[in-house]
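Each of the next two complexes has subunit A plus one other chain: subunit B in the first, subunit C in the second.
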Partner chain A sequence: MAASKPPSPAISPPSLSFPRATFAKLSPHPFLLAHLQPPTPPSANTTPPHRPNGRLPTQFRPPNLHTGSLTHASGSSVVRLGDTAVVCGIRAEILPASNVGCAYTCGGSDDDTEIQALGLLVPNVELSTGCSPAHLPGQPPSPLAQTLAARLQSLLYATNLIGADELRIMYVSPPADDAGEGGGAEEVKAWWTLYIDILFISLDGNPFDAAWASLLLALKDTRLPLAYWDPDLACVLCDDLVANAKRLRMRRWPVASTFAVYSAQERGSVGGDGAGKWILADPDAFEEGLCRESVTVVVDCEEAEGGGVKTRIVRLEKRGGGSAGKAEIKEVVEMATERWRVWRDVLKGNA
Partner chain B sequence: MTLPDASLSHIHRADGSATYLQNGYSIIGGVNGPIEVGRRDELPEEATIDVIVRPAVGVGGTRERHLESIIHSTLQHVILIQNHPRTLIQVTLQVIRMPDSDTFNSKKRQFSSPLRILPSLLQTALLALLSASIPLSTTFTASLITVARGSNTVINPSPEDLQNARSTHVLAFSAEGDLLVAESQGEFEIGDWERVFEMGLHAARSGSENRKGADSDVVMLDDDQGGALRGLVQQKIEKDQKWKENIK
Partner chain C sequence: MSMNRKNLDSEDTKWELQEFVSGWYEIPAAMTDRRRINGPPGGSSPVIFASSLGIGGRSVKRPSRIRPPDELRKIFLKTGLTPLASGSAYLELSPSANTGETCDSLAPSSSALKLTCAVHGPRPLPRSAPFTPQIQLSTHIKFASFAARQRRGYIRDASERDLAVHLETALRGVIIGNRWPKSSVEVVITVLEGEEDRWWGDETGGGTTGGSAGGWGMMNVLAGCITVASAAIADAGIDCLDLVSGGVAAIVKTPQSQHEAPDRDTDMGEIGKNGRLQLVIDPAPSEHQEIYAACVVGYLSTRDEITELWLKGNIPGTTSFSTPMQMAEVGGLLDKAVEAAVAVRLVLGEAVREAAELKAGQNRNNKE
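So, the complex of A and B:
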């Protein structure tokens, strides 16, 4: 009688295969390789190999944007790329010319050096928010956070996103006599300093692209109140009216794209050529943990006649391995140009 | 183009050391390792690499962390880290002197590109590792290349070249000719970069061809960067192996 009973689910025979997540945890390298390798024998009707996250090797995560969500910031943005979510807030403060002293004398049209010399754009990256298990909250800035801040700052200065005249607070002295003659001399009384704070709410790979995109959007969203020099009080005053506030004018929209290079070659073996390598666009945290080599390209394109675009590379950063050579870099730049198109369309929709 | 100069193993209490001079930069590097690693940084299957960059003036900031991260990921690829699991290899690089163009104005120094110093830092780290006899999978040659306004490329540029450059590039090639590091500053097009790539590769390759000559019992001190350094390392090894000759 007992033998005819169906087995209860609690004592069903243990399965002999691992669930997906366990396999990924136990042996991550073969797991990723099994996903990327084409099926053998090759057959016509199978789908091309996908990454464990379901994307194609050259597929980016679609960006998700929102601007102006922080009410107390001059400008703010939220950018999501999959499970990587970043908030960027911009706080504008006034740097009076009297505080600068003789350290810097305004060179007039010398735009790019003025912002750099005075340090008018100050990015900061905060990773210790509990955004990922690798970054504990309440810790001092990790090397990754410092590296990100340095890369963002140097890219900000190199691209000349904002003209120095946008950040100057000028004073035109009134005519000296009743006839309206004399005076009219322009003088820089103060500058706006923009503190750009980037907080990671959640980090699932590719922090640089997300941080850069959020920085651009927040700058675009920034409104600076109308500031003027009051000669009687001898200080800078700001207008209350929102209608008088002016938006920052962005000169350009360079787009950052990061790629990880995964090589099938087992770690530690030297030489052994012929092993496969894959370029993975927009890597997530799992892939970043397995790929030592990474390439970041920042491109800014100009639309040429006939629908084509002319690609200008603003920055190229490659490190951590020797798999990607000249041909791969060229391929990566082409993919970055495609990505620039995606961002352009998204930004147009957002504007 | 200025030739580099270097001295090896001149600090006696470090496991390996090197001083490297090029283009007005003078950097002293020390390597300690493999040594015991703190439990927090311990890796079960490979050695932990710690890179510390100290500037010539003041204390290190985010710029130095950025340089450290580039050097760290390069060394991680070059050092056979699996040979020394659960240990620490510490590389300390102290900048001793900067060229006048960088120190002239402290404000200017702050935003002069950090890339200029990167090739010298990478070479110093490599020489110090060689001096410490840390097993490496390959060696590398790092060079600084600029693209001027007329699109002509200059390797190991002078301060005037740097001033007039449209873009500045740092490339490091392994002995096999693989591209290990590529960093850039300034704007350029893919055609420019391909020329820069060829130039860097040629500089790295010409070094490895000279090495073949050096194997045939002729010490060739070539007037290229790789050759000069190779001669120095060879002299050091000959000095280290002297005791063997007397045994015979």
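So, the complex of A and C:
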């Protein structure tokens, strides 16, 4: 339709409106509001309001995954959510029992504390890869990188994803005499330490979801070689055969979903409590800059009989402001459950 | 070298200094780095494979070069991976063909080079900065901690700084700097997977990467960095004289048995009992028993200019490059490196052209 019109840039009067990009840059707040506000008067045939990035307020970006592409990592993954791209690589190293300072006694089933006490999972986030103009190298890890790493670590420990027995390297002492008597005592000689490094290649909002997803995928992809204690060399040796290596067994698959709460009220202004508010799923960098409040829900679901799922909330983080009440949180948890389904389907397709 | 460019009072410089110091004296990470999550305080050790110590009866075979001496590995180059940066590119060299037994081993015999590059700028310098008539170019190269067989630190070390300086020289000669006075541009490269310095079977217990005398992998990394940075700068739309591309060539030892049809172009004579010296382009260090000398160039093919030249090594039987015969050898090596750069330039040109066409198409759509 537009192509049929003859282009006449010389005759047309100077336009008094800005192009989209300029409007967004000059007055971002009204720009987002104009997108979200339903048309007045409401009519049946108009499309529902969309966000500037073309998504519905409750629509997530579809995940795009790839695993096992790095040669030197024990496990690796690449996750892309729209313009946010993350690479996660896991390097397994060996922590000999002799390096554990205080004599640590492992209590068999005492899983949760063992990994945490020894610090066997070491997640780190690198943002200074030029992933966005706000994060340039030559500087110490930014507060964002530090908080992300701390949140990931605490979530890793809290969800208890990996059992401590997966990370133990045991040694059964051989029988002391010819008759096969004595010996046979099991002893932990070393532990696997997983260094989890998350690099942001591109950052366009919602770093936590992407980082968490890439971390889970890389853990799933991790293969630990068969390790054994060699009493002669007094060190741990590994077998490089793939057939003898074992995959990390993950107990569950908690999915993180982040939502930003946008209120029509401008930042800094007081009063006007009745102003509208919107919950934006999976915010991008532009929306993140305009929203004060955000909610991160980590849910772990179980498939119940009859096609439904049983939702368990693993973690709920809500920051900045109090405009999202009980009803909104409930809504958000429901959306997070939906998101869990999406991830389950994606993983099934991937596996 | 980066100190004089920055405000000495800033937090930034302090950190740079700290990085600089810790790069030299190897302060344990647990002592200095309080802004990252550190591993167990006792320290963990990398995996030792029994087969690398010769235990268990399995022997591993060195991968061998099956491409002709004048053929590059396949290059994958794509621009525009980081939409928020002004320009970006991703480069991957496919690993050379496997010998077949690598698939059942967790210790892969060959690795592929993977680089991402983001360009930020040109953007105005802060008001406090002194006037510069030219664009200020700064380059950062960082290896990811999982880039090599040995885990790398988070703070840039001497070899990474050295590479960044080499890259800066290569790019400085190409960018038309006086079109952007009072502005700066940053080129940030992350090495997701580096090239190895030698075959892992040759490393007897925990070899190091980079910095050491061997460091052949660094030359391939530099050539890749030059190419990927060039693509990203073109993607950012910064005016350049030409597309600079990186090429590597090396003088290697080839076993007599594998050396078929000695052609005059690459053959350099006999060495030892059953080996010959050979000139190859794009050497994968793990495929060669011995690399004697290698050369990297940053080359502008339409202007026939070299902006960066890094040559190192020693051809056996010589101690210096002083006599005419040896000058000829150096010349041959240089010519081969230029040949490699010309071949890389074809891929680079294609990638940049594709991206430009895509962009032009988008702009047309937006206008309509």
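Miscellaneous remarks
Note that the second predicted complex is superposed on the first by the 336 of 351 C-alpha atoms of A that agree within 3 Å, B and C clash if a C-alpha of one lies under 4 Å from a C-alpha of the other, contacts with A are read in each partner's own complex, and residues count from 1 in each chain.
Everything below uses one rule, namely that a residue touches a chain if its C-beta (ideal position, glycine included) is under 8 Å from a C-beta of that chain, and two chains touch if they have at least 3 such contacts.
Please read these numbers as outputs of a predicted model, since none were measured by experiment.
Within the superposed three-chain model, A:96 lies in touch with subunit C and out of touch with subunit B [touch as defined at top]. Of the two partner chains placed by the overlay, only subunit C lies in contact with A:139; subunit B stays clear of it.
In the superposition on chain A, A:255 makes contact with neither subunit B nor subunit C.
In the superposed three-chain model, the partner touching more residues of subunit A is C, compared with the other of subunit B and subunit C.
Judged by the touch definition given at the top, the superposed model places A:157 against subunit B, while subunit C stays out of reach.
In the superposed pair of complexes, A:317 makes contact with subunit B only, with no contact to subunit C. In the superposed model, A:326 lies in contact with subunit B only, and not with subunit C. Looking at the shared chain after the overlay, A:204 reaches subunit C, while subunit B stays out of its contact range. In the superposition on chain A, A:122 makes contact with subunit C only, while subunit B stays out of contact range.
Once chain A of one complex is fitted onto chain A of the other, the partner contacts of A:292 are limited to subunit B, with no touch recorded for subunit C. Residues 146, 149-150, 153 of subunit A lie at the contact with subunit B in one complex and at the contact with subunit C in the other. Partner subunit B is touched in their complex by these residues of subunit A: 103-104, 116-117, 143-144, 146-147, 149-151, 153-154, 157-158, 267-268, 270, 292-293, 300, 311-326, 329-330, 333. Interface of subunit C with subunit A (complex): residues 2, 11-12, 15-16, 35-53, 55-56, 58, 81-85, 88, 95, 103-108, 110-112, 114, 116-120, 138, 140, 142, 144-149, 151, 154, 186, 188, 190, 192-193, 368.
Of all residues in subunit B, those touching subunit A in their complex are 46, 61-63, 65-66, 68-70, 73-74, 76-77, 80-82, 107-108, 110-111, 113-114, 137-138, 169, 174, 176, 178-190, 193-194, 197. Listed in rising order, the residues of subunit A touching subunit C in the complex are 2-3, 70-73, 76, 83, 85, 87, 89-96, 99-101, 118-120, 122-124, 126, 128-133, 136-141, 146, 149-150, 153, 193, 195, 197, 199, 201-204, 223, 225, 227, 230, 235-243, 245, 285.
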